[in-house]
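Across the two complexes that follow, chain A remains constant while its partner is chain B and subsequently chain C.
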Partner chain A sequence: MSEPRAMPLVPLLGVAALAAVPFAGLGNYHLHLLINILIWGFIYTAWSIMGRFGMVSLGHGAFLGVGAYVVTLLWNTAGLTPWIGIPIALVLAMILALVIGYPCFRFRIVGHYFALVTLALGEVVRLTIVALRDRTGGSLGMTVEGVAGGTSLLALQFGERGTFFYVALAAWLFGLWVWRIVDRSMLRYALEAASEDEDASASIGVNVTRAKLAITMLSAAMTALGGALYAQYQLYINPETVSGIGISLQIVFAVIAGGMYVQLGPTVGAVITLLLAETLRVTVGHDVHGLDGTIYGLLLVLFIIYMPQGISGYAVATWKRRRTGPPQAPTPRAVAAR
Partner chain B sequence: MFDIFLLEAVINGVLLGGVLALLALGLNLVFGVIDVVWICYAELVMVGMYTIWWLFVHYGVPLPIAIAAAIALVSLCGVALHQLVIRPVLGTPPINQLLVTGGVLFFMQAAATLAFGVEFRNLGLRMPIVEVSDMFFSFARILAFGTALVGVLVLWLFLTRTYLGTAIRAISQDREIMPLMGVDPRKIYLTTSAIGGGMAGVAASLLALQYDVHPAIGLSFGPITFMICVLGGLGNMAGGFIAAFVFAQFISVGGFYFQIEWGYVLAFAFFIVMMFVKPQGLFSR
Partner chain C sequence: MMLTVTDLTRRFGGFTAVSRVSFNLEQGEILGLIGPNGSGKSTTFNMIAGMLRPSEGSIRFQGEEIGGLKPVEICHRGIGRTFQIPRPFRRLSILENVVTAAYFGQREDIPRARAFALAEEALALVGLPTDPAAEVASLGAAGLKKLELARALATQPKLLLADESLGGLDETEMDQAAEMLGRIRRDKGITIIWVEHIMGVLMRVVDRVIVLDHGEKISEGLPREVAADPRVIEIYLGTERIAFGEDGVA
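Here is the complex of A and B:
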């Protein structure tokens, strides 16, 4: 993010304002919305960390599923605390990313093909969860065993929404921080070069396979962490809601709507999609199933056709134009330039 | 050791392969010619299934007419999809084209929920079960298998024996030269979309005979259809046809030894492995 130097105060104030939210006397409902926005904002950020370099994964549900199910299974069946379960899940997600990513990047599987391979991966994880129904409850999903009293630091369960809000906030800030680190690293330049032209960047010394693997494993681990947090918050998980093609596509589309080339873009995507769903639910009610999805789908099509860099990308480009005349930095490329 | 249940599973796999091959046919044609993956392809099939159900159950329209209407409607949907959604993004990076049809997927799935609710609907037909020396086969599947064979044949004849078919093949081979030769790519793309949609309609009519239709049905058929097309080599119709049978054997025999989900897991895992061995598809030249 090329923020002007004079502005470190704004993000600080923003974080302070957010941290004060639980004291603002919000009802449980609004707090719930905010927590959801933060958790999904984190997951979407995790996706964008690789998605912005043209690696469009349609299978992040796989990592989400690993995060949610491994932690919950370890807790429910072995009584292992999520504090140990989460690192195990992250390592597993990274191994999964390595196993699928290495051959993909080694053999130059890009674009459509990469998207479809990851889509298969998402389905493999979802179907494996369903098939292991003796342990996972299959399509019925499973409940995270609650602790007495509802709150336990060891079990990473917090009966008070206000407490969980800080957990989600921390995760979200962590996601933004990782984004920033990547954004300022050599890795970013290597990956941008690779997404433009793999051969050319390899010829000037970029280890394309290694760079892509690094970012994919990072993204996978963060997504798994998001899945684990989601499970700890909802205390109920289901193969459809944490894995498979449906949720994988939802991740991609929310990010596209929000914009994946700007640090806060994925979060904007989370805000938009959740607010849209909630507004429609409140105004039209529960009875009209599918209305939110219909409008959502329509908006997505319009976004990809008319605003492929998403709302935030569009806003930033407009703002830059207004401030400095013609943009000096190349405007964000369309999704996954080749 | 001869195991009659295994044989039954294998033959059922072959029949399932017919259904999958039929599903993959239209998608493969569209990809081969327009170079766009319709992620919402299975949702077009769903539209066809709902049309048949709606006409047949609510208006008592005879089944053959309902099927013809469904094929026509889905074909129109294919044209509309191309005209309204694909054309504006044809010049942009390919992944955008894939994602924009993903938006259509969401739209159609939700619109179906809006219009028909989440209930499972079926035609209320009981298709006969065919019994051959202690093995049981679904008649609907045999029908689908036969239709798939006929469909491949007709499509092949169309592509090789007619002027339009030749133009379609030519444009898929060289997008730059053919317009100079006097072929209007826009017309070809529209025709291809119509045929691709029509194939989805044909698949829909055969699926409607054996499966309940519900808004999420596309998600259960969609992924496997893409896998088949990729495995066969996107755009390679003969390859897709064979890949459909390979996949179906994994599902059917895998399902026989373990559970049906494991059959699918095996099939998808096989797909992932094959992508590394032969990224351009099983039957790449």
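Here is the complex of A and C:
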């Protein structure tokens, strides 16, 4: 599913405008929101890179957790710079993806069953973090040890929000770039085919297991990078926010709402979820427990029924209809229907 | 000898679907494999295509044993297949369906541009549009059969396994499809095994016919000889009431 061809000028102007944001005199709060949107937009993009091929993972928190905790533990206990810690975390995340992915793909665990396996994976990582409480601080979480003065390139810590904004922007652009590479690769053809019919794909020579492993390991590594960046930005992590079911499901919700079949869809999802969470926090506060979860759930149902391609997918389809008239491609089914 | 099948047997629990079937296939031949429903022809087909592992017996393709290999490996060795009920990838365009086959279908990596060229060639051969925007949804039953064929051909097979490629077509379409298989053999030199339960059209195109019944080979020979074989007549006219051409539907 390719993007409608926009003028190359438009994305360039968009990036230039974004790059100028820290100078626009935004307050810390708004800058903070933007950084979060970029980091989560990157993570959601990482999820969608495999999710768009019907490989619905309910356990990406596992990779997020590996990214955040491995980098932080190496820094706090061994003083190892994130510049080395991050590659280590990415390799570990890819190994984890391989260990869980290979048997799934080899024995054709797909659809709901694949979702269940990954759901378990996310929880296993969360419980492991909690169990290793002597080192990780358990459920209380852990603080990334700060450097004197708050800013150090070696520690990948920036006291200035404006500086970290550029780190997040770079990560987000990197995510979109990877999406584009995958979208234009022959791997996409193989995965689109495999997501529909594994037997028919194999009969024309597509090595389904290898194709799925490749995209899963890529997605895992990117997600782990997102987890590490989140840790470097917040300087505090806990098992609930970077692993387990809660965050894993939040990823899926955001991506369904935003749309996983369009390059910018996951970012739209990040904008929606963060604005929703912030609005609820400001208007209702913390008095009504579980309200945000209830609203997420309700919206999710509405999206799956009325807008299975998400907001961005709906927008693109509408735009195409306006331009070319009535004929309409069959819509990809909702993830949940697979 | 392109393909040598010896004592091929497949059991499902206590049921023997295919029992000690043997046959040979010469380079450039079109072999018809016929038999009523449940005669074991699809099982035989699927064992050659790698979808089923033989219980016993051997399948040698170009001198090498291929029995029990996976479908991907079978494809890479040069055996293409179609499915009885077309299984197109609906989220890819017609051209992309065939490009995927051309790109991944051979063991060697080929450049993308080459895959596109091969795909366009295969589409032209079966008479489908090479327009990149043409959608699978625009195809009818005959078009989907052609797409199956184009996809299999794009993998550059030496042997093509065509599974009941004419079910669901009207008579004109059947004739066209039969003519197409003949042309594929003539122009590309591809050896073909054509599995059918309709005998009529098939008899005009194939060089040789094998008839299966209850998992056993009961007749083999030229179409004319087989059609005159009392045992074949018995199966087709006596018990199963599957027609010989004119009143044609299974």
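Simple rule for what comes next: the second predicted complex is superposed on the first by the 314 of 338 C-alpha atoms of A that agree within 3 Å, B and C clash if a C-alpha of one lies under 4 Å from a C-alpha of the other, contacts with A are read in each partner's own complex, and residues count from 1 in each chain.
By our rule, a contact is a pair of C-beta atoms (placed from the backbone, for glycine too) under 8 Å apart; a residue touches a chain by one contact, two chains touch by 3 or more.
Computed from a prediction, not measured in an experiment: that's the story for all the values here.
K.L.:
State whether chain B and chain C clash or fit side by side on chain A once the two structures are superposed.
P.N.:
Overlaying the two complexes on chain A (C-alpha atoms) leaves chain C and chain B fitting together cleanly.
K.L.:
Which partner chains sit in contact with A:P11 here, chain B, chain C, both or neither? Use first/second/both/neither.
P.N.:
A:P11: touches no partner chain.
K.L.:
Mind checking the angle chain B, chain A, chain C on Cα centres after superposing, to the nearest 10 degrees?
P.N.:
80
K.L.:
Considering only the touch criterion stated at the top, classify A:P87 as touching first (chain B), second (chain C), both, or neither.
P.N.:
Touch partners of A:P87: none, neither chain B nor chain C.
K.L.:
If we overlay the two complexes on their shared chain A, which of chain B and chain C does A:L119 touch? Say first, second, both or neither.
P.N.:
Touch status of A:L119: first partner only.
K.L.:
For A:G293 in the superposed arrangement: first (chain B), second (chain C), both or neither?
P.N.:
The answer is first: A:G293 touches chain B but not chain C.
K.L.:
Quick check for you: in the superposed arrangement, does A:T128 touch first (chain B), second (chain C), both or neither?
P.N.:
In the superposed model, A:T128 contacts chain B only, not chain C.
K.L.:
Which partner does A:G162 reach: the first (chain B), the second (chain C), both, or neither?
P.N.:
neither
K.L.:
A:G137 contacts which: chain B (first), chain C (second), both, neither?
P.N.:
neither
K.L.:
Between chain B and chain C, which makes contact with more of the residues in chain A?
P.N.:
Of chain B and chain C, B contacts more residues of chain A.
K.L.:
Check the residue A:P103 against both partner chains and state whether it touches chain B (first), chain C (second), both, or neither.
P.N.:
Only chain B is touched by A:P103; chain C is not.
K.L.:
Using only C-alpha atoms, work out how near chain B sits to chain C after the chain A superposition, in angstrom.
P.N.:
13
K.L.:
Go through chain A and flag every residue that touches chain B in one model and chain C in the other.
P.N.:
The overlap between the chain B and chain C interfaces on chain A is empty, containing no residue.
K.L.:
Any idea which chain B residues touch chain A in the complex?
P.N.:
Residue list for chain B touching chain A: 37, 85, 88-89, 92-96, 98-100, 102-115, 117-118, 215-216, 219, 222-223, 226-227, 230, 234, 258-259, 261-262, 264-265, 268-269, 271-272, 275-276, 279.
K.L.:
Help me check something: in the complex, which residues belonging to chain A touch chain B?
P.N.:
54, 56, 100, 103-104, 107-109, 111-113, 115-117, 119-121, 123-124, 127-128, 130-131, 244-246, 249, 252-253, 256, 288-294, 296-301, 303-305, 308, 334-338
K.L.:
Which bits of chain A are touching chain C when the two form their complex?
P.N.:
Within the complex, chain A touches chain C at residues 1, 186, 189-190, 192-193, 195-197, 199-208, 329-330, 332.
K.L.:
Chain A touches which residues of chain C in the complex?
P.N.:
That would be residues 49, 51, 70-72, 75-76, 80-81, 83, 87-92, 96-97, 99-101, 103-106, 112, 115, 135, 137, 151-152, 154-155 of chain C.
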